[in-house]
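Structures incoming, each one as structure tokens.
Here come two complexes built around chain A, the first alongside chain B, the second alongside chain C.
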Partner chain A sequence: MVLKDLFLGGKKELEVIDKMKKHMGFLCSACTTLKAAIENRDKELISSVSDLEREGDIVRREIFSNIYEGAFLPFLRPNICRFVEIVDNALDVTKDAAIEYTDLELDEETKDDCARIADISAKMCEMLLAAIETLSGRADLREKSLAIRIYEKRVDEIEFDLIKRLRTKEIKNFWEGKALSDFIHDLTSISDLIEDASDYLQIINISLR
Partner chain B sequence: MQPIPIIASVLIALSVGSNDTSNALGICIGCRIISFRRAVILFGVFVLIGILLQGRKVMKTVGKDIVEMDLRILGISLLVSAMLIIISNWKRLPVSTHQVIIGSLTGSGTALGADVNYGSLFEILLSWVISPLAAFFASLIIYRAMEKTLSKLPFLQIERIIRVLLLASGIIIAYTTGANELATILGPIIHAGLIDEAWAFLGGAFLVFLGAVLLSNRIIETIGSGITALDPYSGFAAQFGAGCCVFLFTSLGMPISTTYCIIGGITGVGMLKGTGTVSVDLLKKIALSWIMAPALAFLTCFTIIRTLT
Partner chain C sequence: MKVEEIMNKKIEYIEPEATVYDAIEKMVDKRIRSLLVNPKDEQDVYGLITVRDIVFRIINKNLNPRKIKVVEITSKPLVCVAKDMSIEHVMALMEKFNIARVIVCEESKVRGIVSIFDVMAGSLIEKAREGHGA
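Coming up: the complex of A and B.
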């Protein structure tokens, strides 16, 4: 029984990796939906982002439960949990950005920039999803991490220009300004969090080498 | 006088069971590779296999080659050894069972004017010096080899292989605990003719198992969690290096300490990662204990016998 567990085991670990991919998949879908909502000014899609966030929460709990049941060496568990928490935070801010967007009326130029940021965030998610797959395969994780960093830099550049332009824009009242500021902040935080998650994945990957 | 050496051996065997299970399978239990119950059974089984297959050489060295054994030497030596080992465990001071037993036997033999074989004693002392150094280099080589081979595999595969390797190295340590540690305890009483070899093997292995079942739980939790929290990769290299080293010295009939070999292994891996990771102060304390334990055992036995006679 012991030897069977040992040699044929690894099911718990594979299950966790699969759930991490599923969790990441929800983030990808949430970013893509947010992008579509911004691009098409379709506020009906916002509720889908909230649903994805809720489903992500369920998967996060399942991952923690699998880890508690003994998946992975204890040495690796804190970093794996931290990675999952960061992805979950990214889902939370995506949902927050989506909710804030419901009350906003963006001008064409701002809408295009925000859609570009959401698009890059979605691409970063796909790259991070591919990076998770390298844990069970032979592909190089460093290339994916580098691509994520490049994407994040691009988001920073768009954010810099966007904020510079928005500062010259007239705001009708405090709440309109706050909603816009919070929306931009949350939208650009998604890429920051994905980059953080990618760093943790890199730590997990090298910690057994 | 006859029951005293046997009672003392029983106490030492129980103490080995309580402390050395953590040397062998503490990491595996800490990593939840194996449950405590299964680990203790596995430990007991491999201790028995160890003493059955390879215990005789070390038993001969300790029981026959060092000092001309008589009941007084045996009684005082093992009683003092048991007391020193129990006190040091109680005070949480690291001492080697081998060093205490051999120090005690030599001290008693010298005090009673028995024929002490200084040639054998010198060989044993030399093996105490060489074995941690051998473990140091073995662990260093194993770590480098793992870096060149294992590190190139995918993450999940490495995780699985490390689990298997950690269990394998734990089994080697359990085996050498029987073949070396238990043999050191049983050697004097078997060669003095106080107990039949087959009964001594079975009884000794059972007592080590009993010590593991009853007393090792807390120590395993501390050591297992402590070590694995550091790094299972280095932990394996240190433990496997130490296991191979004890196995080699056991084949040569030399009674050496598994704990000191593991310390040598950990230091080797630490040096490879950078000298800053090695605590020189801690190594100084361990070196002091390395010198003090046999010296104290020698002097205690010598003084007791000189006072009594």
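Coming up: the complex of A and C.
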């Protein structure tokens, strides 16, 4: 028996891990929905992203309640809570990006880049979900963490070119420019937050050794 | 994993008559390690110039990059792959031809470029996905 079995094998702990997976699942769905909304210029999907964020909030509250009702040893709780908070922040910025997208009309090239960023973010979510499953098993998280970092680097590259190109674009008024800037900022923050969450998962994993 | 998932769509072109120094400037500005060289005429084909070519064939030999044209160190013809090709196949091609980049073509148009680094990153992601469907 290893430490992981002792710390993660209890009923309360397994319940929290299941909820963490559910919470992550909402983030994956939100990113996939945002990608579809951008790709197909389908603004009706935006309300679905907001719904997923609300569902995520409910699960986050349940996780915190479960933790403070006694799940996990006290030294593990802050890192688990922090991980859940970061995933929740990612859900928030996904929703914000979706709302900002409502009033935007992106040119074809920008639309393709944004859809690609949303797609990579969705893939990062799936990888993070796989990493949570690894946490409750015995395999090493390192491979998943590296894959997430590779994805994040790709988002950074797309963002760099996108911002460089957008700076040459004519903006008709302040609010149009602000909405576009906020949208790109929030869209690219999703991958940053997923990477941060992955780092916290790695810390949790190490503290279980 | 298919080529489409790892290919880089950011392709920069340069004219064959431009100087190697122009190519260096473009690579530095755009933070890239290779440029696609446009065909000279309708009978010609695309070529490729890489940082490796510039370092080994110009800088290391103390030649002046301002006096040498891109066409003089361009590699041709290019190895083209389809975007639905597997990365294992791409790896095999890279090993066979001892190259670090392949071009992704579709209906005789260039769609992207895949470097050996992209292949490594792609295979690591594939390995991390194993058994999880991520």
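Note that in this section the second predicted complex is superposed on the first by the 200 of 209 C-alpha atoms of A that agree within 3 Å, B and C clash if a C-alpha of one lies under 4 Å from a C-alpha of the other, contacts with A are read in each partner's own complex, and residues count from 1 in each chain.
The rule we apply is simple: a residue touches a chain if its C-beta (ideal position, glycine included) is under 8 Å from a C-beta of that chain, and two chains touch if they have at least 3 such contacts.
None of these values were measured; they are calculated from a predicted model.
Counting residues of chain A touched by each partner, chain B versus chain C, the larger count belongs to B. Legend: residue contacts after superposition of the two complexes on their common chain; A:Ile150 is shown touching chain C, with no touch to chain B. Contacts of A:Asp161 after superposition on the shared chain: chain C is touched, whereas chain B is not. Once the two complexes are overlaid on the shared chain, A:Leu14 sits against chain B while remaining clear of chain C. Using the contact criterion defined above for the overlaid structures, shared-chain residue A:Glu126 touches chain C, although it does not reach chain B.
Contact with neither chain B nor chain C is seen for A:Ile117 once the two complexes are overlaid on the shared chain.
Overlap of the chain B and chain C interfaces on chain A comprises residues 134.
Interface of chain A with chain C (complex): residues 123, 126-127, 129-130, 133-134, 143-144, 146-147, 150-151, 157, 160-161.
Residue ranges on chain B touching chain A, taken from their complex, read 30-34, 38, 42, 147, 150-151, 154-156, 158-160, 162-164, 167, 225, 228-233.
On chain A, the positions that touch chain B within their shared complex are 2, 6-7, 9-10, 13-14, 17, 70, 72-76, 134-138, 204-205, 207-209. Of all the residues in chain C, the ones that touch chain A in their complex are 10, 31, 121, 124-125, 127-129, 132-134.
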